[in-house]
């Protein structure tokens, strides 16, 4: 059994990790921590777990006192790096669900996150935890930086094209729409029901931090820098991201060729489903799937890709468990039992 | 392995059965039928199953040609009875998810369902499939009549009180609120998004068919007839029923006594959760739980019970699988892996 | 022109007052105040008014410096009473939208609101602002206590029965369901989108403050004390309250007789619509209507009443404008132009 | 008074026309027709009008028998052209809300609508009813073709750029998101609550009929053909369209310059609000506003425009009333009283 702890239990990623790990046959969930709710049962914070997961929340310092194999950090960026630093010598593996070690280094981080990075050397061992691109490196990494939700959706939607060098690197537009859980569990005007319900808006125009994450990974695939236009929007739904992606091919291309390219690129990816028709958010709700639909518009000469994930699963906790599986030499899909909850 | 077929695949209960049975370690899903979509893959009807369950839909006549252990009928009432009749001599067990065999006999059926019953003798072997009341009978039955969604919620909310003879049989009011999937997958004005979204209404005032189902079961527990006031409402949510139940005790009672009564009555019921605080619909979403909260209002002298289920799971497909488990001598909760999907 | 000020601009009742007063031909909106956003344009707080109402927010002390005819207090309870006290000698009329002067006196207030009342003598001149019951008194009052949203719905649903002495005063059950704006504009866990969306729950069981408000008004109509069971629930909708009301008649009654009783009682009430079928929330959205449907269940012997309002209009700002009309000798429906926004 | 008839009462545009015309001081609503519900009161079809608009529905042939000044056709495309033909000699003005006369001629129509056009000569007198572009022509037209909802949003978002010749005509991408009322009042799988709620999807990829409408109008402004990429999506909201529009300038441009260009272009447009921050759908709900936000992304070199309307008002019935005002020499905003219903 993989002895596991979750650091940070009050948010959505924490509770979603519990939901997923609960059914993993090789995992024992030994510890959940929360500084603000220490001493309370986990189910006092998330009452839907009453009678299921009533384990008492501990302080994060307890992590170093127990013999653990695996630690998930479900903390805000800026906070997470402190824990990674503190756990540097620890024997356990880490998946960090924050944005603290996703980028190529501290300078880029500081420029897009607008705050100093207090553990720059942590970047050296960190591997970007998108299994469809970096499975091999992840399997050897003790620190995995779990990707952002939008980048997961956008990168998987574009990876085969970037990898094949098929698209104009200045042509990429990612028009992304996310459910409200992406904004976190904290109550704020943005998450007030009446500001979200029956409503829709764009936000973070031109400057969202996930832009650089997408650029770096696609640039790595493309073997050259590229610039993406990324516009996030807020949907009146709980879960899910749908990215509508536009790109111009640099040479003539057919729809059939594109579908073949994607099928080949993802032939070993258990969680990528290449769909016959455009996916909806509920098609992936509660699951670790990334559903992709690709088409070519002959009239305009553009490739259009639709990519759908559940932001809390493939965009966070599920991907983290997938990374853990790789770190421990298990099949990527080991322990995943949820089918789409639709409707 | 229990060789299983689902008759009727196009509705929500059919697809929900597939979702649940998929993870049952002792079940093989050998056949799914649909008269209207025969020959198509199951995933053509429910595209979120693409790549997961692509089995070809057959006609219902195929059921008798295969060696099966278990058949679920996910059909409308009035249609289901024809299949039960046709399968009378078959060796397999049946759980019928329609309303055709839930009541005490054909006369009551005809009076509340306003249509003739074409297989009256079917009532003789049929057992009402509410495991919390009839586990023993279910385990011996070859035909189980799976309860209605509202009755499941209402009966479980009141059963300990009725069984203890603690309440005035004329005082019961069940004010129930259901998600829209209870109205079925068929597109009609009632289910049009813009009639439901940001809206709420009562319907079926004074005459809903589930009234008699509730009365019969509570009357059986109470050892005398009783009359319930049942008012269903339509919520702008996909899944879930919350029943707010009012009843007057016939003698002084304390909150502590009530909680003890419920704890005792449900001590062997793996899916009933007695909650410390009023449950919400999302606390049970996707699961087979029935969450119950009971309290006593000293000011008014009334007992108030809140009972929450997922209408597609504990109110339909989940309860059906629970019944199957009993019929095959398995633990009631065998094969259930879904935790509440919240948010 | 009635020179008008709104004290308290940041909440929903404040912005709804602006929306309604904007089209009133006899009203000039001279001033809007906010302590927290003083100096900003009103449309900075409520951006949907950009270009429509950009008036600068002032501090509440400005109210006494200007010649005004009418002041609306759109403040939380506990705060409002301080302003009423301060404005005691002012020449303008007041409609107070808080709960501070709705009850019969300070003792009742303190017992249900759990806080001291700092202006007990204010109760003397205050009139309960439900025009369908107290039009005459309102027209002479300088201080009108605008009713609570739930009480408006519940009292209007029951008034003819209570007034006719037709119902058992111990039999009343009000099962009420409200949209989320009733919980206010402040971001808190209760109003977080993901706690509300696709969800439903009861709250305030046995102890909600609106209970006493309902009891006092119905008791006044009934010429004797009565006890109501009041259970509020939280709907995943923005606006609207539907109350499902149960009561037992003390003597035989027919449906026809009930409909006649209501038609007669409300013959001069321009905002009460007696409906042929059960109303939905969207039937009244954005309007000052209270839609009522009444029926008698011969099987159970109970009267069932359904009463629907928009909690921000008839349950708050619209009723306040209706009261103002009475205070200034105008027709109750003067200046109301909104028809139901449906869908 | 303008004596007015609405032909086609059962859909959303019909009921929305009634809601808006109700408050127009110069309009008398003399007739509403419906072939399927002839003889019933209008409020039987739309019960929220009970007591407000109970006028009896007539057959469309009655239109020619009464002396009318104005007829609105709220009919499906393909049906509408038959009525326009029939009314060719009539003295009244027509606003046709269908797509039948929006395009430049029958060939284009037949190619994008995939059906023959049975009244080709009707195109000659028809004027495209977007008042912000064609006010003068509309004021002289007896047949106005009311624009589609998506085109209204897209064209208004891009018109100043196209008119100024500032953008690369091959660079335009319109990623549009619409509420469900855009799909009509008919119950079908697409509009089933559980297919829409908590869900999101793209549809009509590469081939939506509104594409050509946008292209023709922008091409007219741009004095040359241009190709737009148009991708519609379906939002879980009732009303509203938000278009996120990307275009590349052909020469260096500053944000300030863009804002000046828009302010100038729309200086006489009472319903276009140039917003300081990105608009949300609820900012315009129930109103005839088109809210526009424009910005320039220096990093990518693209102009981004956000354009929000209520699809039933500015996208249909409100624009129709605005056109009628022009046809009768009234101010464009005459009779409009609805402010945004938010929340």
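By letter and in written order, the chains are A, B, C and D; residue numbering begins at 1 in each of them.
Please note the rule applied: a residue touches a chain if its C-beta (ideal position, glycine included) is under 8 Å from a C-beta of that chain, and two chains touch if they have at least 3 such contacts.
According to UniProt, the chain labels map to these proteins: A, B, C, D = N-acetyl-gamma-glutamyl-phosphate reductase.
If you're wondering where the values come from, they're calculated on a predicted model, not measured in any experiment.
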Could you work out which pair in C-D, A-D or B-C copies the interface of A-B, where over half of the contact pairs coincide by residue number? C-D
Taking each chain's centre as the mean of its CA atoms, the one lying farthest from the centre of chain D is chain B
So which one's got more C-beta contacts, A-C or C-D? C-D
Which integer distance in Å separates the CA centroid of chain B from that of chain C? 39
At what distance in angstrom does the C-alpha mean of chain C lie from that of chain A? 46
Whole-Å distance, chain C centre to chain D centre, using C-alpha means? 37
Spell out, as numbers or ranges, the residues of chain B touching 2 or more other chains. 12, 181, 194-195, 197-198, 236-239, 280, 282, 285, 343
Contact set on chain C toward chain A in their complex: 12, 180-181, 185, 187-189, 191-198, 236-238
Residue ranges of chain A in contact with chain B within the complex: 12, 15, 19, 22-23, 46-52, 181, 197-198, 238-239, 273, 275-277, 280, 282-286, 337-343
State the interface residues of chain C toward chain B in the complex, per the touch definition above. 170, 173, 175, 177, 194-195, 197-203, 205-206, 227-229, 231, 233, 235-240, 242, 244, 246, 278-282, 285, 295, 297, 299-300, 302, 304, 306, 343
